[in-house]
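Look for chain A in each of the two complexes below; its partner is chain B in the first and chain C in the second.
On to the complex of A and B.
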């Protein structure tokens, strides 16, 4: 414990260094703006802005991107409340009570509750993160290639079992991501693979950013343009110091369920397929169940805003736990962060704690500061963020497209990748319209090279015996859980059928 | 085209792509190579095989009417959606082609002009300021700060004086 506190103190002082502190403030403010804009969430912001981070050292870069992630979780509530459109899917549950509050002229109350609850969620989850990360990383040091591969299988299985999407389409999405990651030179023999039409551009492989920016930049904008064709009404927000004081007095009415939602959100966030959206919905359900007045939910109960906001913030921190300790991202945003770490020359996984402690603890320290900074920026600039929401899409869209095009070009500096990015964006949009989930593909393209390497290393060491994955205890446990997760939807279906025939 | 038709067409297309990927992967060794483990094509081959099975499952579920999309006879894309999405995707295609021909900065100028003035119908004041400021911001961020040269094609010589100025600092 003492060691953790010492490392944490070092991390906090690193996060307070002028450049890093500036990155936190900038990241939080940008994240708030991005999160507040309908259709844009943390994943879009992080994907589009990742190429810009080559400007600063890796620690400052991850601090900046993590702050965007954090800020976007706060910001999602702003459009949920004032527009009635979730800024990101993670803020869907916030609309249920946030919108009715805004319609009755209490937008300030809802926004304050969202900000305070996000802070509570963030604080609880960061403390949990600090406590859980070092022991988990120490445990993960025992992992060999077989365990690594089984763990990745487990991550993919969570998408199938808990994702809630069409199962064959989810599997297709995972496999597409893995195949795209296999394009280029074979990691072991060096032979060119899947070089279509002998186009040289495929020889250097497909950078994960090309798919991520395509899907979350261009594809998402096309999706948003389609879904927000109608007029949106922005509710006015008036916020004075006296109103803020009186709103803060409400905290005691929702602190209990908010804290519970935070713990729940953190643990749900650590699961790759679950993440912030189900966490916030579950926290909303929990708050309603434990409320003395459950009928008021959906009609403008402040606790209905606070619980999901606390949970989605906690989940965002939770999703960083497997990314930092195991090298397995807990959400699409952390998948992109993980890809970024590889670009910066770092090796994600348990060794980060021993090889790059300043990087890990700097990030953890920054989360504490980002949490507080976002609360202050959020409350101080709510009217400004609301004003930003009125920017027409015809101004926002071309700027985002330009950032996508330039951001897609920057990592490899070939137009081939930019064309691919556009193709992925359009195809991703068309597939999404048919309920193909796109997040598993992004996770898979990041994990693809790591998964293939660990599979081939395992098979080489076992002389082709697949039993290596079930004879090693940790690997066997992962495989068993993965099988359980994959069969879970089938069991659920059979149970439902059985109960239907019984009744 | 209805959502129902779109789903089956997409599933068939996905199945065909999977077969194509399997064939492409099979150009390399997909079996066991002594002392080197699985051949280079094995990983993508079996993954593509999985994609094919997943696509066949979707086709089967479509015939049985299991997926919501297979029962949805609403249009896959309304006329308004085709226009909105078409303008956006088309303008990006234009931006990329123009980047190949005249370089990104001139392409950005026309892209922004089109999007802001003709799609957004914004004022000339806003359009002109954006058309001028955005390319300058992109240049400063990427070329100056990040040292990433963006494609300029035939417009490259126009930037020589700017480079001279930049590197004289």
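On to the complex of A and C.
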């Protein structure tokens, strides 16, 4: 313990060195902007800025890249809330409640909640990282295909309550998502599946961001256009210091879900297969399941913004662990960080902690500072971000449209995905008109490929025996919790009925 | 903030000038053609794997040494054991601003997945950066397995429930696995994972029993005492593994290598090809690249480029066709 504190002190003082400190501030600010731009995302941001890092020593360079990555996690929430376009895949769950809040004139509330929750998530996870990195790295190794599949089941279970009361429509939505997730090349045999004859663009599967931007960005825009009928609508926005204070006071209403989201996010982030996107979706599902007022979710509940934002920041810290100790990037952005480390001759692996402690602890120390810096920068910019909403929708709509097209093109850089994104937009709009929940479909397309891969790997290694999922302890525990989560809303309903009949 | 950016820019100027001068002296032949727009560096594998690491290192070095007037942008197209990337390059015929970094699925994927209609012998060869090696790895805790004989005995005893992890059907490690099945007369269960790093993790976590990983993918776990190599599939023992016998020494005639090369689409202009050949020659000879090769157990003795690389590809395509025929395409695809 003392040793850890000593290392941490060293790391913090290293992060406070003028050059490193400057890199953190610069990185966080750039990251915030990059994350806020739909389609740019932290992957491209980190890639574009990689050359700058050659001008400074390796530790400073990694600190800089980590700060961008970190800032981008905060930034992703901004366009999700103000424009309804997820800036990055990790910020999709933030749209669910962030956008309704903005439309009812509470964008400042949502943005503050996102910033504070991100800060809490980041802080909890970096403390967990400091205290338990080596044992957790060992634990992550215990996660084989069977455990991964059970975790995915658990993730689906967290979403069972999301579709509202109409269970058949929820199931339909999940199934549509799973079918879309199956498009592309079969992961075991490499044969093309559901490529509609021979359309090249489907070979790489359907990118999850393409679906999310289509449904939320384009679908939402069409919906707003219809409901306003071309009238010029200007959202009322007010932002003052006293307002900020009252927003900050709201924190206690969502501190519970935020803490839960943080721990969950960190844990899911440390598993090489998962990453920040499933973590944020799971946190959202859990927040709703355990809320006293689940019906308000999706209509503008601040906790629905706080939970996924806490989780995605916690997961981004968490995914540093497999990168450092196993050399496996937990996300595309950490893959670029990994590339950076290799360029500077730092070999990720179990020995990095002991052989290059000043690097590892400098990075950890910088996370503490980056967290705080991003919170301050973010809160300072909120009035500016909120201003976006004062633009009349007739002007904003074409801007959203352009951002969606750019965002749809960016991940794979093919026009195929732009057309697909527009198609999803129209379908999303129709589904919404017909009252189908779309969030379960989004979840299914994120988790579907992960679940399929781990299911098939597990069954290959068990020679087809399903018992592999219950004979392995970690997997069995995950399945038990999943069953508990699925039955929880039913139990709650029965209890409610029982108390109604009693009174 | 703009002030801070300004400072960074200022600091950049001397470095750029220094790089530009050194470039001017070392490569005077680069006068005629130069890129007019960003260069796409296509990676036919996922993020984090060996090919990806190489591509990002090369991109970083090009930026660091300021070797290109336009940026190089690495793009992963991992679908279908590289089928997606190969198809993309084929469709880019005549383009001077798209290049591909390969692994051996460059040879195998077009043979196994005939449906994609790609002929890589039409691609424009640029330069071979390295030759990668393969070793057979098991977990350190498998104390009963100390050499190839005890390994083969253990696999046979396990029946077909012996789990070999790999990076995907038709990838080089699946071919080597199929070669071993044929040679030793056993059957294993091959489980594909999304990259060499994940395979290594699953071996350390004992979710699989063995794997044929590249040195770079296992070296850190080997040093940490998690895994051990049993045999190397090389002509001579690698300097990094002086105590591990080669298959040939044990009387098993089995050698397998993987090239890591840069190639352009069919019909790239001769001037552009010349420019890229020189660019990657500069990188190949750089201190950083040679250091990376040593640390990652890659062989980087000679730079083979242009027509010579094309001839090498022809020979490797023939070899892989033979290998696939010998083991049967179905034993690789598992159908």
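The definition used in the following text is that the second predicted complex is superposed on the first by the 277 of 503 C-alpha atoms of A that agree within 3 Å, B and C clash if a C-alpha of one lies under 4 Å from a C-alpha of the other, contacts with A are read in each partner's own complex, and residues count from 1 in each chain.
The definition used in the following text is that a contact is a pair of C-beta atoms (placed from the backbone, for glycine too) under 8 Å apart; a residue touches a chain by one contact, two chains touch by 3 or more.
Note that this is a predicted model, so its numbers are computed, not measured.
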{"item": "Touched partner set for A:188, first chain B, second chain C, both or neither", "value": "both"}
{"item": "Partner chain(s) touched by A:55 [first = chain B, second = chain C, both, neither]", "value": "both"}
{"item": "Partner chain(s) touched by A:455 [first = chain B, second = chain C, both, neither]", "value": "first"}
{"item": "First (chain B), second (chain C), both or neither touched by A:340", "value": "second"}
{"item": "Chain B versus chain C as contact partner of A:413, first or second or both or neither", "value": "both"}
{"item": "Contacts of A:169 with chain B and chain C, given as first, second, both or neither", "value": "first"}
{"item": "Which superposed partner A:397 touches (first chain B, second chain C, both, neither)", "value": "first"}
{"item": "Which of chain B and chain C A:351 touches, first, second, both or neither", "value": "second"}
{"item": "Chain B versus chain C as contact partner of A:426, first or second or both or neither", "value": "first"}
{"item": "Set intersection of chain A contacts, chain C complex versus chain B complex", "value": "51-52, 54-55, 188-189, 191, 413, 460"}
{"item": "Residue ranges of chain B touching chain A (in the complex, touch as defined)", "value": "3, 6-7, 10, 14, 21, 24-25, 28, 32, 36-38, 40-41, 43-44, 47-48, 50-51, 54-55, 57-58, 61, 67-69, 76-77, 80-81, 84-85, 88-89, 91-93, 95-96, 99-100, 104, 108, 111-112, 115-116, 119-122, 126, 130, 134, 138, 141-142, 145-146, 148-151"}
{"item": "List of chain C residues in touch with chain A within their complex", "value": "1, 4-5, 8, 11-12, 15, 47-48, 52-53, 56-57, 59-61, 63-64, 73-75, 77, 79-81, 83-84, 87, 91, 112-113, 115, 160-161, 163, 168-170, 189-195, 197-198, 200-202, 204-208, 219-221, 223-224, 226, 288, 291-292, 295, 333-335"}
{"item": "In the complex, chain A residues that touch chain C", "value": "22, 25-26, 29, 47, 50-52, 54-55, 141-145, 184-185, 187-192, 200, 203-205, 272-273, 322, 326-329, 332, 335-336, 338-340, 342-343, 345, 347-352, 413, 453, 457, 460-461, 463"}
{"item": "Chain B contact footprint on chain A (complex, rising order)", "value": "51-52, 54-55, 166-169, 171-172, 175-176, 178-179, 182, 186, 188-189, 191, 193-194, 196, 218, 221-222, 225-226, 229, 392, 394-395, 397-399, 401-402, 405-406, 409-410, 413, 415, 418-419, 422, 426, 429-431, 433-436, 452, 455-456, 459-460, 464"}
